[in-house]
Structure formats: structure tokens, C-alpha cells
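Each in C-alpha cells, the structures are laid out below.
Look for subunit A in each of the two complexes below; its partner is subunit B in the first and subunit C in the second.
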Partner chain A sequence: MTTVTSIDHKGKKIEFFPENEAEQDIPDDELHEHLARPSTERTRRLKARCRWKHASAGEFVEKGVSAGIERMRLITEAHKANDGKPEVIRRALGLKHILDNMTLVIQEDEFIVGYHAEDPNKFPLYPELSYMAVQDYLISDYAPQPVKEASEINDYWKPHSLQSKCQEYFDPVDLTRMYQVSTMEGPSFASGYNSLIPPYETVLEDGLLTRIKLAEENVSNAYKQMEKLPWDGTTGLEWLDKIDNWKAMIITCKAVISWARRYSRLCHIVAEHYETDLKRREELMEIADICYRVPAEPCRGLKDAFQAKWFTFLVCHAIDRYASGFAQLEDRLLWPYYHKSVVEKSFQPMEFEEVVELVEMERLKISEHGAGKSRAYREIFPGSNDLFILTLGGTNGDGSDACTDMTDAILEAARNIRTTEPSIVFRYSSVNRNKTLRLVFECIRDGLGYPSIKHDERGVKQMLDYGKFSLNGNGATQEEAHSWANVLCMSPGLTGRRKSQKTRSEGGGALFPAKLLEIALNNGYDWSYSDMQLGPETGDPRNFDKFEDLWEAFRKQYAYAISLCIRCKDVSRHMEGKFLQQPFVSAIDDGCMELGVDAVVLSEQPNGWHNPITSIVAANSLVALKKLVFEEKKYTMDQVCGALRANWEGYEEMRMDFKNAPKWGNDDDYADTLIKDFYEDILGGEMVKIRNYSGGPVLPVGQAVGLYMEVGTRTGPTPDGRFGGEVADDGGISPYMGTDKKGPTAVLKSVAKVQDNQKANLLNQRLSVSMIRSGYGFDIWKSYMQTWHDLNIDHVQFNVVSTDEMKAAQKEPEKHQDLIVRVSGYSARFVDIPTYGQNTIIARNEQEFSSEDLDFLNVEL
Partner chain B sequence: MTTCKECEFFFSVPEDADDYKPAKGDCVVEKQDEKGKYWLAKPVSEKDGCCEQYRPGSR
Partner chain C sequence: MSVVASQLHREDSTCKPCRSCKWQIPDPTDPNSGQCTANRTEAGAVWKRWIRDVMNMTCTRHEEGKLSFREHV
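Then we have the complex of A and B:
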């Protein structure tokens, strides 16, 4: 690094030289190409040949990636063959038919095996979830072949699809508004987008044979209960659905075991008939042994645990139905098996370094996992294949540090192999050990953009608060509340043997305050994008004679949108419970097993949330309007409406006034007081009034994914001085790019002011590369984190990448394949992001710590 | 008609397997592309007519 920053601090000059002296000779604009160090030759090879499935501007980056037809063909055959059977049995037989007949894939060098399509370059589609998503593929270069057959399959599903079953309960006008994806995300019953946390724990601890036995005992007991004299129809009939659910669980568990054992057989065949390398032959026989035993039996060592977890992930997230995410508390989940293999060496004995290699191999499996998302959903995660996010760290039920050597192995592997997926969340607590914090820091310092940091205690409290609304009085206990992980980018949810989130209807989906403000300034009408009425008529803004009139108009637009969004999710869930049951997920959830209820239907722990995205553009706009129109009266609402309609053309002086009005993220009380109210009274205050399917309140999770770009293009000019079509803010509570001008601690002071009625809020920060990579970097970061923690802020994540390097990558992308950036709730290879998105990362302020910042952080240098 | 049973890539499913059925087998083929080597296995019946990948050499 040729650039050395220096500051005057406490009477002396502090120079920030690289901690690693060897870096002094590496040019600033190629630093990240020198940081990867796969821990073994095998993982180096696996990374070099990784079949990435990243998308950019909706197109797959690598050639040869396409949708497969196999899964959609098999689910359709089963659906037709099992007409007339109870729906949950039909669903179970559907999964069984897929698993029994799907093509298996094993690649050279793999140790963790299993794939979800008929070829490693393909991914499956799900016409039973969304025929619109499949339709999208049929007209693309990625169409499943033969297209004619795929098209016939898709036509078959139209009347059976979730969308068809749900949409008749809505006013078509409301749905048309949602399909614009400009004030609200489209309904989940149309997109098929889903998320869940599989209860991996039961698979690893019990094994599926035990789950089958439990279900068989429950069926047997149910028949006995029904035969009791005298018959009571008011309670006896409840056993019918339970019996069907348990029988469906048995069918799916047996099918999963059989599928895993087909992998075992394939390993044997490859070892005996194809592989010539003796060492690899032995390894294939070991994999064969593992796949024969797990997930049928309990895991006995760490290799078992990785494989059983992978099989479970594939079934729950990619084969039974599509679900985004890789949610788990991975270090805690794997720690017992780490202990057996590394500490006790009682089964599958290994050293720490071998654990790191296993983690690297799992990361590469996720990196080549393809998701059959529609083009719209590929566009909103530019640079990624899907949202894969796991969680580490935090505290145990007794408040002690939960970090272990398994935590360290996962972090070390992430730092070494440098893949964008899976992203990592670290639950920060004051009791976390220094050794692990150092590894968290090193991942951040090396520019991975993760771990993103979440406040441990806030998450625990949130789980307990939601648990109070449990419909069956069985919400999170104190112990369980400490086992939370992020469901996707930002929102905590329980992990464990029961009570985890099973479907997207609980949380996820977005609405867009910037666009809602735009239509509130036009009586609910969208002139700039859809040219239609997108919300209720809330009055001609020219007649607003006080700021409160505008405030309440926005509130009405927001309240309409959020209730419609949650109604869609709840109706989806209701219908999922009738036609899209998840009997395998039910089988591995202790609550479903005990009660005989399907995983989609049962809700023990409410966890309702929805994502306001583009909130800061709306908030900054309200600040500017209040100041310049209603207080200083420099402009009238009529002038504002005219200037916005002209996209500020001919109004440059006026635009600069609005652009220079106080902005969020500068510890400016004028802006922050109003914005705090905006978040707590409207964004959170209106959401919290809602009760969803699970009986709990819905809370806002401010974030962005790539929607801040996509919705930015659909949002007209706004009174924060932004032109129509420009990107919106890049995170839930992050300052608008380039407007946080008072340094990193001013940002923290602003953000800390918003506390009530929030579930989570994403904070993006870009820190000085030379400061963070210096010998002082860890001390500064640790002090920053402790201050962040003490200010009770929910989240923070960092980009540590220079503008020089990003601009160099724009010029010569082929030379910058390892440059990773944090986009929003996920990281991406910079060169895989479209230029429009790349420029939004470059535009973020690279925050340097001044002497005043260091004083506030109480850091000693 | 030539059948899967006569193909080198046909492997009978053992009788003690969970998915055993008489005449059922695995069709296991090796593939290679620019990213490397991989193997595919799909269930077939020994009575199925052979496909374009057929290679004589029953086991």
C-alpha cells in the first residue's frame, strides 16, 4: 500500500503504516488480489473451478448456466399420479418421487457431496410455486430443455399454483399496484420467493430413523385414541389431519434416507469403476460410508455433521421447494461434533486445519449453488447467486461467551478462501473472546464485507418479546432466545429443534418509503413510472398548509401499503398450509412432530417483519420540506411540485437548497429529531399496529438488498435534491451515500437516536483502508465496536476497499476477480456488479477517524 | 433392441438397498467440461432401451 494516512492526535503525529510490512510494496489498486490463501491445494483447485452462478443485471455471469427440467417434470408427474390423496400426502409423495428419480451429481475433489439438479451447471425450477417465474425462464437464454415440454408443464400448474389460489381474494387494482414493485414488492404468492430456518439440530442429533420411529409411534397412538369408547367427534376428528401429517413425515424421511444412500452407492461405483487415484478412492469410500449413515443415523463426528447438514439444506431449500437463505447458528450447531473429532478425537479424528478445509469446501458448495429465481429477483441481488447467510458468536443461555474454536475455524476459512457466499453475521457481545474478535476483524479488514455485526443482547430481547405473543403459549424461553440467527440479511429468528421460521409469510418482503412519499406528493398518483394511481387519494399537496398535513398523507399511503403487504403474506401462508405443506421440515421440527401439525401451519414463535427500503431518501426529503417550505417558507408546495415534475430542470438553485438541507448521519439534531419520529412513529408505529398470522406484531427491518438500485430507477425526483431515477439509500438506516460528512462517530450518534418500534436496521459504513490495515486497525475497530454496542445500535457492516482499487477493477475487470465489496445485506464480487451498482459503492464516503473520533471512541494509540 | 442391461454404464441396484426393485439399476456416466470432471447417476431399468450414451459392456 503506497498511501499512508496520518493524523495529529493528543499532541503527536500518528502514521498508519500497514500492519503487514510486505504490503508496503503492493499498489493500492490491486491489494485484494493478494489476500486469498486457500488453506489446501484441494480448496485452491475447487475455487479455481467453482461453477459460480452469480447474476448481474439479471443475467448469469458465467456461460453455460441454465435451468434444468428434471425437477419440474418429476413434481408434475407425482402431482398428476396422486390426485385425490390427502394434500399433505400428495406433497410428501411429490418429494419422494423427485428424490427417488433425480440425477445425482458428484464432482472431482468434493468431500461434501449432493446437488439439486441434473447437472452441476443447472438449477431447478418450481412451477408449483410461481408459474410467472418459470414463464420468465421460458423466454430466456436459460430456458429448461426441451422448452415445449417445460411450457406444457408450466401451463399445467397455472390453475394449481399458489398465485391462482390466493389472488382471487384481492382486488385486482391492489395487485396491479403491487406488480409495479415501486411502492411495494410484489406478493409472495406470485414470486415463489421463500425463506426458512431448517431445524438442523434434530437431523444431526437424532438422525431420520429416529424421527420415523417417533412419527410411527404417534400414528399408532392416534389410532388408539380414536378407538377409545365412547367416541367423541368434537375431539376425535382432530386426529385425522394429524395422522396424515405424521404419515407424510414418514414418507419424506424414508425418501431422504434412500436418496442419501443412492449417493453412497454412487461413491462406491465411482471409486471402484472410474477413479484411478488410490487416495481419492479411499476418500470416496469414506464419503460412501458417511452418506450411508447420515442423515439416517445421528452424526458421530464433524464430517458426518457437514454432510448431514448439506443434505438437509438441499432438501429444505432447493428440492422440496425453493427457499432463499443459509440460516443457522453454525458454530453452535457444529461444536459438539468438532469436540468429538478435534478435541476428543473419538470419531473422524482431525486437526483444526482440517476443519478449516471442510469449512472452505462448504463455502464453495454454496458458491456454486444455483437458485431458480425470476429475473426480477436476480436483478435485486446483483453480483450474487442468492442470499446465503449464516450466524456465529453471541452468548449462551447463561450469558457466557458462545465463541468456540469452531467459530474460529469458520472465520479463518472465510478469510482464507475469499468467496462472497455464504455471508456471515457475527453476534457481538462484550464478553466475546479477543481471539475470535481478531478473526472477525481480519475478515472485515481484508475487505470481505462480512461478518456483518449484530447486537447480541438486542436479538435475545427481541426473541423474548416476540415469544410473549405465541398463540400456543410456547414462545422462546430464556435459553432458546440466546440461540437466534439471522433468517436472511438482517432479521433475527430462532434456531433449534423447534420454533424456527418455516415460511416467508412470517418475515421478508419490502415496501418503499421514497416512492410512497413521491405519490403522497401527488395525491397517490405515480406520474414518473407507472402512470397510475398507486395508493389512496391523500389530498392535493398544494393545499397542505402545515407540515403535519404532509406527514399524515405519507402515513396513510404507508399504512395502506403495509397492511396490503402483510395481508398478502398471511393469505399465502393460509394457502401454503392447504397446498404447499412441508412434511420433511415438519418431520425435523419437534413441535410439528409432537403436535402432528405441518410446519407451514404451526407457529409457536411469532417473528413478523417487513422491510422498508429507501427510507432515508424519504426521511431526508421530509426534513428539507419541513425546513424550506413550512418553517422558512422559502418555497411553496406549488413550487416544489412544479420543480419535481420538471425533474429539477430549470430549478437548479432550488435543487441545491434542498440538497444542502440537513441530512441524516451527521449528528444534526434538526434532521435527526424528525427522522427519529419518522422511523419510530410511522415506519415502526404503523407496522406494529398489525397482527399477522402468528399473532405477533410486525416490525420494520430497514435494509436494502439491491432494491435500492432497482427501486431508485423507478422513483421520480425527490425533495432531498435527488434526480429521478438516481439510486436510493443503500441500507435501512445508512446515511445517503456521500452525505455523512461529519465522520464515523457522528453517524453512530445519529443512528443511536432511533430505538423504538424497530426490529433491525442496516448500517453500511466504509472505513479508511490505510487506517484499518495499519498496526492500529484492530484497536480502533475494537473501540468502535464497543462504542457501537454501548450506544445500543442494532447492526453495522463495513467496506474496507479503496476507490482506486474499485476504479481499477472497472477498467480491467479480468485482473480483479477477488475484489469483494459489501453491497447491502450481502457481499459480491465487484466485477460481477453492473456499473450502475458499482458506482453506488464508490460513492459511499470512505470514513477516516479524526482525533475527535478517536477521543469519542476512547481509543489509546 | 439393445437395452440398458447391456451397457457399460449400467449398475444393478443391490437387493439390500432402500430403493431396490427387480431390474432396477443406476446409469453412471463420467462427464468432463472446462470446469473439470464429474459423474452423474440416474435410475434406469435394465429393460429400458439404450440411449445415445450407450457403450457395450454389460457387468
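Then we have the complex of A and C:
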């Protein structure tokens, strides 16, 4: 590193030399190409041949990636063959038919085996979810082959699809507004997008044979209850659905065991007949043994646990139904098996280094995993695969530190192997041990963009608060509340044997305040993108006499949008309960097993949320309008409307006034007071009035993913001085890029002001590379984190990457394949992001810590 | 209302539909609709327009082809 920063602090000059002296000889613009260090030759080879599936602007970046036809063919055969059977049984037989007949894939060097399509360059499609999403694939370069057959399959499913079943309950105009994703994200029934947290714990602890036995006992008991004398039809008929659900659970568990054992047989066959390398032959026999035992039986060691978890992931997230995410509290989930294998060495004995290798291999499996997601979701995580995110750290039920050596192995592997997925969330608490915090820091320092940090205590309290609304009075206990993990990039949800989120209709989806403000300034009409009425008529803004008129017009647009979004989710969930049951997920959830209720139907722990994205563009715009129009009266609303319609052309002086108005993130009370109200009174206040399917309130999760780019391009000019088509703000509560000019602690002070009616808010920060990579880096970061924690801020994540390196990568992308950046809620390979998006990362202020900042953080250097 | 040829307009069964234009990318949800990305500023912003019907709309900027993902958003 040739650049060395220095500051004067407490009367002395502090120079920030790299902690690792060897870095002094590495040019700034290629640093990240020198940081990968796969822990073994095997993981080095696996990374080199990894079939990445990054998407950008709706396209797959890597050549040769396409949709497979196998799953859609098999699910269709089963659906036709089982017409007339109870729907949940039909769903179970659909999964069984796929698992019984799908191609098995084992690749060289793999230790964790299993894939969800007929070829590792392919991914499955789900015509039973959204016919539009499949139609889009059919006309793309990634169409399943033969296209004619795929098209016929999609035609068959059109009337049966979740999309068709839900659409008829909505005004077509409302649907048109949602499908274009400018004021609202499209409903999940039109995209097929989903997310859940599988209860991995029951699979690892019990094994599926035990789950089958439980379901069989429940069926047997149900028949006995029905046969009791005298018959009571008011309660006796309830057993019918339960019996079907338990029978469906049994079918799916048996099918999953059979599928895993097919892998076992295949490993045997390859080992005995084809493999010439003796060591690999032995390893294949070991894999065969593991796949025979798990997930049928309880896991006995760490290798068992990784394999059983992977099979469960594939079924829940990719084979039965598509669901984004890799949600789990991974260190806690694996710790008992780590203990058996590494500490006790009682089964599958190994050393810490071997655990690191296993984690690296799991990360590469996820990197290779293909998601058959709709175009909307191929657009909004540019430079990455899908939202694969796991959680670590935090506290146990008694408040003690939950970090273990398993936590450290996961972090060390992530730092070593350098992949964009899976991203990691770290639950930060004051009691977390220093050794683990150092590894968290090293991942961040090396530019991975993760772990993103969440406030542990806030998450625990949130789980307890939501639990109070449980419809069956069985919400999170104190112990369970400590077992939360992020469902996707930002929102906590319970993990464990029951009560986890099973469908995205509980939480997820977005709406866009920047665009909602734009239409509020046009009486609900969208002149800049769709040329149609996008919301209710809320008045001609030229007639707004006072700021409150504008404020209330925005509120009405927002209230309309959020109610429509949640209505879509609840209708979707209702239909999922009738036609898209998830009997395997039900089988591994203790609540579903006990009650005989399907996983998408049962709700024990409410966890409703929706994501306002682009909030700061709207908020900064409101601040500027209040100041310049309604208080100083320098401009009229008529002039503002005219300037915006002209995209500020001919109004440059006026635009600069609006651009220079107070902005969020500078600890400026004028801006912050209004923006606090905007978040708490409107964004949260209107959302919290809603009750969703689960009976709980819906709360805002301010984040952004790549939607801040997409929505920016669909939003005309705004009164914060932004031109039409320019990007929106990159995080839920992050300052607009380049407008946080008072340093990193001023940002924290602003963000800390927003507290009420929020579930989560994403804070993106870009920190000085030379400071963070210096010998002082860890101390500064640790003090920053403690201050962030004490200010009761929900979240923060970091980019530690230089502008020089990003610009060099724009010029020669092939030389910068290991350059990873944090976009928003996920990390991406920089060179796989469109130029438009790359420029938004470069435009973020690289925050340096001044002497005043260091004083505020109370750090000694 | 007269049609301004340089602007996106309806033209049933046009031989230059937006679907085949390099500036168009499909709508995020409905493949019968699309997004026009021809409107680009010098600063690099892409200001999109929604295309209601990609088979029956066109404009004079129509160019056959496909842009790299790097040039889209």
C-alpha cells in the first residue's frame, strides 16, 4: 500500500502504516487480489472451478448457465398423475416424484454432495408458482430445453399456478402498478420469490426416521380419537386435515431418505468401479456411509451435520419450492457436532483446520447453487447469486457470550476463501469474546463487506415483542428469543425446532418512498416512467399552502401502497395453504408435527415486516421543500413542479439550493428532526397500524439491496437536487452517497435518533482503507462498534476498499476477480456489477476518522 | 393526438418492436412489458421508461441487438 494516512491526535502525529508490513509493497489498486488464501489445495481447486451463477441486470454473468427442464417436467408428471388426491398429499407426492427421479450430481473433490438440477450449470424452474417468471425464461438466453416442452408445461400450469389463483382477487390496475416495481415490489405470487428458515435442528438432532415415527403415532392416535363414542362432529372433523398433513409428512420424509441413500449408492458405485485414486475412493466410501445414515438418523459428528444440513437446504430452498436465503444460526447449530468431532473426538474426529476446510467447501457449494428466480430478482442483487445469508455470534438465553470455536472456524474460512456468498451476519453484544471479534474485524478489513453487524439485544427484545401477538399464545420464550438469525439480509426471525418463518408472505417485499413522493408531487400520477396513475389522487401540489399538506399527501400514497402490499402477501399465504403446502417443512417443525398443521398455515410467532427502500431521497427532499418553499418561501410549489418536470434543466441555481439544503447523516438537527418523524410517524407509524395473517403488526425493515439502483432509474427528478434516473440512497437509513460530510461519528449520531416503530434499518459505511488496515485498525473498529452499540443502533456494515482499486477494476475487470464490495444487504463481485451500480459504490464517502471522531469513540492510540 | 416518432409510441405489429431493440430490457415481472433504457445522461444515469407492450411499441431510436449487462442496470 503506497498511501499512508496520518492525523494529529492529542498532540502527536499518528501515521497509519499497514499492520502487515508485506503489504507496503502491494499497489493500492490490486490489494484485494492478494488476500485470498484457501486453507487447502482442495478448496483452492474447488474455487478455481466453481460454477458461479452471478446475475446482473437480469442476465447471468457466466457463460453456460441456464434453466433445467427436469424439475418442471417431474412436478408436472406428478401433478397430473395425482389429480383428485387431497392437495397436501398431491404436493407430497410431487416432491417424492422429483426426488425419486432427479439426476444425481457428484463432482470431483466434493465432500458435501447434492445438487438440485440435472447439471451443475443448471437450476430448476417452478411453473406452479408464477407463470410469468417462467415465460420470461422461455424468451431468454437461459431457456430450459426443449423450449417447446417447457412452454407446454408452463401452459399446463397457468390455471393452477399460485399467480393465477391470487390474481383474481385484485383490481388489474393495482396489479399493473405492482408488476412494474416502481412504487412497490411485485407481489410474491407473481415472482415466485420466497424465503424461509428451515428448522434444521430437528433434522440434525432427531433424524427423519424419528420424524416419521412421530407422524405415524399421530395418525394412529387421530384415528383412535375419531372412533371415540359418541361421535362429535364439531371437533371430530378437524382430524381429517391433520391426518392428511401427517401422511404427507411421512411421504416426504421417506422420499428424502430415499434420495439421500441414492447418493450413498452412487458414491459406492463410483468408488468401487470408477475412482482410481485410492484416497478419493476411501473418501467416497465415507460420503456413502454418511449419506446412508443422514438425514435418516441423528447426526453423530460434524461431517454428518454439514451433509444433513445441505440435503435439508436443497429440499426446502430449491427442490420442493424455490426460497431465497440460507438463514440459520450456524455456529450454534453446529456446535454440538463440533464438540463431538473436535473436542471429544468421539465421532468423525478432526482438528480445527479440517473444520475450516469443511466450511470453505460449504461456502463453495452455496456459491455454485443456482436459483431459478424471476427477472426482478436477477436484477436486484447485481454481482451476486442470491441472498444466501447466515448468522453468527450473539448471546445465549442466560445472556452469556454465544461465540464458540465453531464461530471462529466459520469466520476464518470466510476470510480465507473469499466468496460473495454466503454473506454473514454477526450479532454484536458487549460480552462477545475478543478472539472472535478480531476475526469479524479481519473479514471486514479484508473487504468482504461481511459480517454485517446487528445489535444482539435489539433482536432479542424484538422477538419477545412479536411473540406477544402469537395467535396460539405460543410466541417466543426468553430462551428462544436468543436464537434469532436474520431471515434474509436484515430482518431477525426465530430459528430452532419450531416458530421460524416458513413463507415470505410473513416478511419481505418492498415499497419505494422516493417514487411515492414523486407521484405525491403529481397528484398520484407517474409522468416519468409508466405514464399512468400509480396511486390515489392526493391533490395538486401547487395548491399545498403548508408543509403538512404535502406531508399528508405522501402519507396517503404510502398508506395505499403498504396496505396493498400486505394484502397481496396475506392472499398469497392463504392460497399457499390450500395449494402450495410444504409437508417436508411441516415434518421437521415441532409445531406442525404436534398440531397436524401445514407449515405455511401455522403461525406461532408473528414476524411481519416490509421494506421501505429509497427512504432517504424522499426524506431529504421533504427537508428541502420544507425549508425552501414553506419556511423561507424562496420558491413556490409551482416553480418546484416546473423545475422537476424539466429535470432541472434551466433551473441549475435552484437545483443547487435544493442540493445544498440540510441532508441526513450530518448530525444536523434541522434535517434529523423531520427525518426522525418521517421514519417513526409515517414509514413505521402507518405500517404498524396493519395486522397481517399472523396477527402481529408489520414493521419497516429499511434496507436497499440493488433496488436502490433499479428504483433510481424508474424515478424522475426529486427535490433533493437529484436528476431523473440517478441512483437512490443505498441503505435503509444510510446517508445519500457523498452527502455525509461531517465524518463517521456524525452519521452514527444522526442514525441513533430514529428509534420508534422500526424493525431494522441498514446502515452502509465505507471506511478508510489505510486506517482500517493499519496497526490501529482493530482498536478503532472495536471502539466504533462499542459506541454504535451504546447508541442503540440496529445495524451497520462496511466497505473497506479503495477508489483506486475499484477504478482499476473498471478498466481491467479480468484482473480483479477477487474484488468484493458490499452493495446493500449483500456482497458482490465488483466486476460483475453494471457500471451504473459500480459508480454508486465509488461515490460513497470513504470515511476517515478525525481526532474529534476518535475522541468521541474514546479510543486510545 | 399526433404521434412523435422519436418518442416511444404504439404501432401495432411494427417491424421494429421494442422487444428486439438493444435499449430494451424486459419488465421485471410481465414479459409482455419492458423497460426502455435509451435515455442516458452524460453523468452515467439511466432514466428508464416503462414499455407497456414490447411487441407493439417502437420509436426512431430502435436498434437491433443486445447490450452487455455492464451497460444496463
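Everything below uses one rule, namely that the second predicted complex is superposed on the first by the 861 of 861 C-alpha atoms of A that agree within 3 Å, B and C clash if a C-alpha of one lies under 4 Å from a C-alpha of the other, contacts with A are read in each partner's own complex, and residues count from 1 in each chain.
Methods note: a residue touches a chain if its C-beta (ideal position, glycine included) is under 8 Å from a C-beta of that chain, and two chains touch if they have at least 3 such contacts.
Model, not experiment: these values are computed from the prediction.
Residue contacts after overlaying the shared chain place A:Val270 against subunit B, while subunit C stays out of touching range. Once the two complexes are laid over each other on the shared chain, residue contacts for A:Arg262 go to subunit B alone; subunit C is not touched. Contacts of A:Lys254 after superposition: subunit B is touched, whereas subunit C is not reached. In the superposed pair of complexes, A:Pro120 makes contact with subunit B only, with no contact to subunit C. One of subunit B and subunit C touches more residues of subunit A, and that partner is C.
Of the two partner chains placed by superposition, only subunit C is touched by A:Gly724; subunit B is not. In the superposed pair of complexes, A:Ile106 makes contact with subunit B only, with no contact to subunit C. Once the two complexes are overlaid on the shared chain, A:Arg49 sits against subunit B while remaining clear of subunit C. Once the two complexes are laid over each other on the shared chain, residue contacts for A:Tyr836 go to subunit C alone; subunit B is not touched. Residue overlap on subunit A between the subunit B contacts of one complex and the subunit C contacts of the other is empty. Per the touch definition, subunit C reaches subunit A in the complex via residues 25-31, 33, 35, 37, 39-41, 43-50, 52, 69-73. On subunit A, the positions that touch subunit C within their shared complex are 56-59, 61, 132, 135-136, 139-140, 178-182, 186, 190-191, 374-376, 379, 382, 528-531, 709-710, 712-714, 716, 723-727, 834-837, 839.
Touching subunit A in their complex are the following residues of subunit B: 11, 13-14, 17-19, 26, 28, 30-31, 33, 35-43. Interface residues of subunit A, counted against subunit B in their complex, comprise 49-51, 64, 100-109, 118-121, 254, 257-258, 261-262, 265-266, 269-270, 273-274.
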